[in-house]
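Letters are used for the chains, namely A, B, C, D, E, F, G and H, taken in the order the chains are written, and counting of residues starts over at 1 for each.
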């Protein structure tokens, strides 16, 4: 009933056999794109041997099976604070793309070097919706939320140590953002952020 | 620089004098709507004595000063699980309205009586974006997120006792939602949810 | 002194030798069924070499030594939200069976796809007591509790990541259930849920 | 659709007017018993002025409106560890009674004086299901669970100070009970425990 | 033994009589300045009646008894994110002043409006040490820490609600700052921040 | 200066070389007994090769180097709830012995089988001080504390899973004990409990 | 059965009538001393009107009814870090005295002024057992534990603010003490510390 | 723009290739010193093969590339409580040195043996700023802060077990220090402490 939406497989906690079986069955049964998240390289190899048209994105630990040509529309901006946040940021970006969104990336613009962020304000103002991925103290979401009048989907990451408590610090930061228009997803949930951003981005298309 | 957006005053932690002064100054300086959140009745009375055209919404502890006529567009649905969640739900609804969104309300549809929720599925499918307000275990967000292909903004409330830990239980529930497309704001932050929903709702208009 | 009850061995934190010795001794000393929970396959192999009539259930990490034929009575329904919850759900089901309960299984009926759950309402209404196993946000317990007038034993699982905090989110959800008649056991404690459900199920028999 | 079940009103967070209106309407509309929990004396007085046949139980902060004569059946035992746990214990007992269960009470049998508990073992063995109410360290649930082969519904209370963290200590104790057959409800949730115990107790009747 | 340092009285948890006695005795015994923190107006009035040369700062809930003329040297900058953080910021500023530091104030420069902060960069670069006071998500400390090469003393405040958990969110943010050179004091501990900043500021003087 | 006291080495976080060096030096320098806690077998082997008179206790992960003959006096009782608590219980017992205390052991007397505990009441009443070691819900400390008029040193262990939170549940239970005369040491700190019990036990000797 | 031990009434959560009744009955029934803890002045007044020989200690919120003359023996030292810790320290001291211990007091010797503590080392070395009462960071217990070879009973207090989390910080400090021989009771539990210390102190007498 | 400051690479979460590339590029591009923190020996070996003038400090898991001769000025004292805290203490000391500070070290002076600390008071009084590194209960920071009138930068470490909660206990201790002039950095953040101390130390130079 959800036309145009990808089928999604969450690989964590499933055996290699289960994953392969599920993906093969989906691949035959549906014309939708297929996303498989949290897939480790060893599993990806085995799936690729069976479904060569699949694309595996190692950094994002994600597999995408694109069905036919897809026109990507609108404008989702995915930002990250640091290099270690990239896997989560890419999970968000690839998810939004698989759902038909045009995605821009703006990485490594953490608040410790605020000038780099400000230099890129054009990208911020051009976006319809922004995904902000940040670990440690997660302050980037507040700064971006204060700069733009777009919905911001904030993703805390588990990057950090000690009192970061595996992402809890960044999560609390983002939930308490003093800027309006910021909503938050689970720690490391790049998929959920990309999915929500794509749903929001589609609103700008549907009305045409 | 943010045309069409309301001016917002957060009253908690400000003295009566401070609040009155800020609102009077804003009222003279701007043509935007003015929102004042977390305003107690005693303060509202004093402000109304000076600015009679202001409207005070006691349940939502919120004051709205509407400047000129406003066309409300789009479709934001605000849902609540229980009666005690109404103050937060109304804060969300009034905020979205003050930002120019047409808002529908669907209250008291908690998951303990799932049939009442399902009977109202038309309202769910008609909305562009949905705000779900729930306390205690906050399960409503997951059920709604599973039913629709719209962005869902989930607001945990501090309603509950014991192991609800003042909203923490509902917050964690919503962050871990097994349904895709759910993003979360702070506990009791009806304002933030309404604001974000209105930003999302506007996307459907801007493109016209 | 507890006739008809199985002897139970909790294997975690015991050495292979300790486990084998305990089970062999129990096996000779008693006519009761023997349950061994949290048993890894390597240990199971060694026990099976000595006690061939034992049955090892790998998914549930559980061994059952059935003494004589057993009539299973009553009606315990074990439900699970997702595939990753199966080990815990099976631990519950096998425990209840070893205690003489007839057990039905209804798996993969999480609230993100509420229709699948509602399609199976007959099974829910037929049960005397229901065990609900769910991780992530654990909302299934509330929905089931709202649908039926039976005692519901809810088992949070550690399935999830980030703000699931290893099952804490699901635990809090279940403790705060807005539906009446829901009681909760420890995270991942399928054994405890199956045991309690079997105790409850027996009440319907004893009176005859 | 739930015949024989009471209608329940949770008074916390509702205004006096709301409570009176809801109870009066229920009283006219239904033949079921009506329970109102967490009702303070000031409110009770006003309701009693309008509905004189209502009974208010101050210790349990609970009102019961009994419709017609009710036969109480089965055997629910409600136990408490200390005097300060009585409000919660009584909430449990009155709830179970309003649902048609015969209820025995065994109060002030905390584990610091284990002999008093053991002297009363007959009451324990006679019960079909036992509700154990305890604050501070909540150890009573484990001791009772070890003595009997009945389902035990454990209710942690917020009685205590310092590291009791408003009932969290007792809650964790009960969830980790080393005795089998213990399931837990929310802190101070006497109502939920009494309700669940009554559902379990009914199973012994239904089959006759 | 600590010449030039003020005597400090922490009033919370002391009776009015105790406070007055302590301050009067100190006032006679010492030539140092006297600071009394967390003093409520009712107490201040009584002290002022006895020691008229004392100065009471209501916003900071602080009393200062200045002995002789004091030359204030160096450059401590105290910044705050929001209006509700002012009591803590003033506690820091007045403490540093009482210890002989020249203090500049830069208030209401939260990251939701980053431009206001950047417009004031001159004040930031002129300071020897900076105190940053912020509640809610406390992101200001990271942004300031990224802009300057001075030690930053960050003070989380308990301003906020819900998942701010009374200052915990801001505290974690500041401890995880991705900018180097940021050290943190207890929630709402303006006194400790001002004291530490003054100790640091003195280092620039002592060497002359 | 602390005659008669053992020298203690805590091995966790030290390299094999460091441990050997420290123990060899102590062994030459002192006539006191030497205790080494948290020592893994691989390290023990190497130390034993150099100091053959050392005794390694694998279960307790502890090495004892006894100097000369030692008269053990008084009466310390070490109790444990379950089999998995034995390493910690033995750490306590061996520590107290190395400090000159006569130690009795009473293991596997958890509250789920209260009769076994009561059958051994003589041992309880004979002791001067009792160490109670328990994991999961840790209720044994309260029951023992209620039975005797001796100081009880309670040691929570990390045995358990889920909501035991690595010993936190047992720790809170013991801190909130409704029995008087119970004091608590850190999770898994058998050493600290044995040490404190021996200090207490000595008091009964010194006066003679 | 516990000769020579006081009867204890914990007043928190009991009504004035309940407290008076319990104390009057105990007073007639027993020859033991009677302790009532956590008693507020209003209640004390009413009890004193009925039982004039009772002594009320306002600072400790405690009432003592001494039966006959009592010889106090041994040597319990009660120490406190700050002035705000006095109510808890006095609760400990009075409890130990009512149990027949001779008690010395050494107050206001917090670690921020370590010299004052060291100047009093004679009192430390003379004691048989030491109670250390401290709030905020609770470091005093470690320093004392390092100085002496006596059992130390540490009592964290809820004195502090912000990240003291109502005594949690001091509690954790004391549990993790790097000095041996330190055992801990609940936050603010002066009664429990005094009781345990008196039990320990008695060991030095019993043997004579 | 930050002349004289080292370039810093945080190695955790980066691949070997990424680290080598970044360091090689920095090495060519800049005349500043280069610091690489959290570098494991395997990576260090590979970098040393390419950049032989680099120095690797295994204990601190840190690499320093010193450019030209450096005059070290001022006086930073780095103290540690125990041997297991050395990696963090050395990270602090090496960082401060790479930033041009003269550093003294005073290790193994934990509060359980306060005399050793007091014997070294001269080093404490000679320092401009002190870094205190301590795990377990972290009490050293308070004692040092009470002895000196210098800024103290406190670093909690994750050394400990059980209720140390991976450094949380020490962190809370330090935040609640009853001594003035103590500011805190993240758990195990030796780098941040050394960096901040060096910034403070520089203030004493700049003025000359």
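Quick notes on this one:
The working rule: a residue touches a chain if its C-beta (ideal position, glycine included) is under 8 Å from a C-beta of that chain, and two chains touch if they have at least 3 such contacts.
In this text, all values refer to a predicted model and were calculated from it rather than measured experimentally.
Contact with both chain A and chain F is made by C, H.
Under the contact definition, chain C and chain D share the contacting chains B, F. Annotation, chain C versus chain E: rotation angle of 180 degrees from the Cα superposition, expressed as a multiple of 5. By the residue-number overlap criterion, the interface of chain D with chain F counts as same, with over half of its numbers used by both chains. For the pairs B-C and B-D, the larger set of C-beta contacts lies at B-C. Annotation: 26 Å between the Cα-based centres of chain F and chain G.
Computed from the mean C-alpha positions, the centre of chain B lies at a distance of 51 Å from the centre of chain G.
Annotation: 36 Å between the Cα-based centres of chain A and chain H. The set of chain H residues that touch two or more partner chains comprises 162-164, 168, 171, 175-176, 180, 186.
Every pair of chains meeting the contact definition is listed here: A-B, A-C, A-E, A-H, B-C, B-D, B-E, C-D, C-F, D-F, D-G, E-G, E-H, F-G, F-H, G-H.
Per the touch definition, chain F reaches chain G in the complex via residues 2, 5, 8, 128-129, 149-151, 153, 171, 175-176, 180-186, 191-193, 195-196, 199-201, 203-208. On chain H, the positions that touch chain F within their shared complex are 83-84, 159, 161-164.
Across the interface of their complex, chain C is touched by residues 81-82, 110-114, 118, 136-139, 142-143, 145-147, 160, 162-165, 168-170, 172-180 of chain B. Note for the complex: chain D touches chain B at residues 12-14, 18, 156, 158, 166-168, 171, 186-189.
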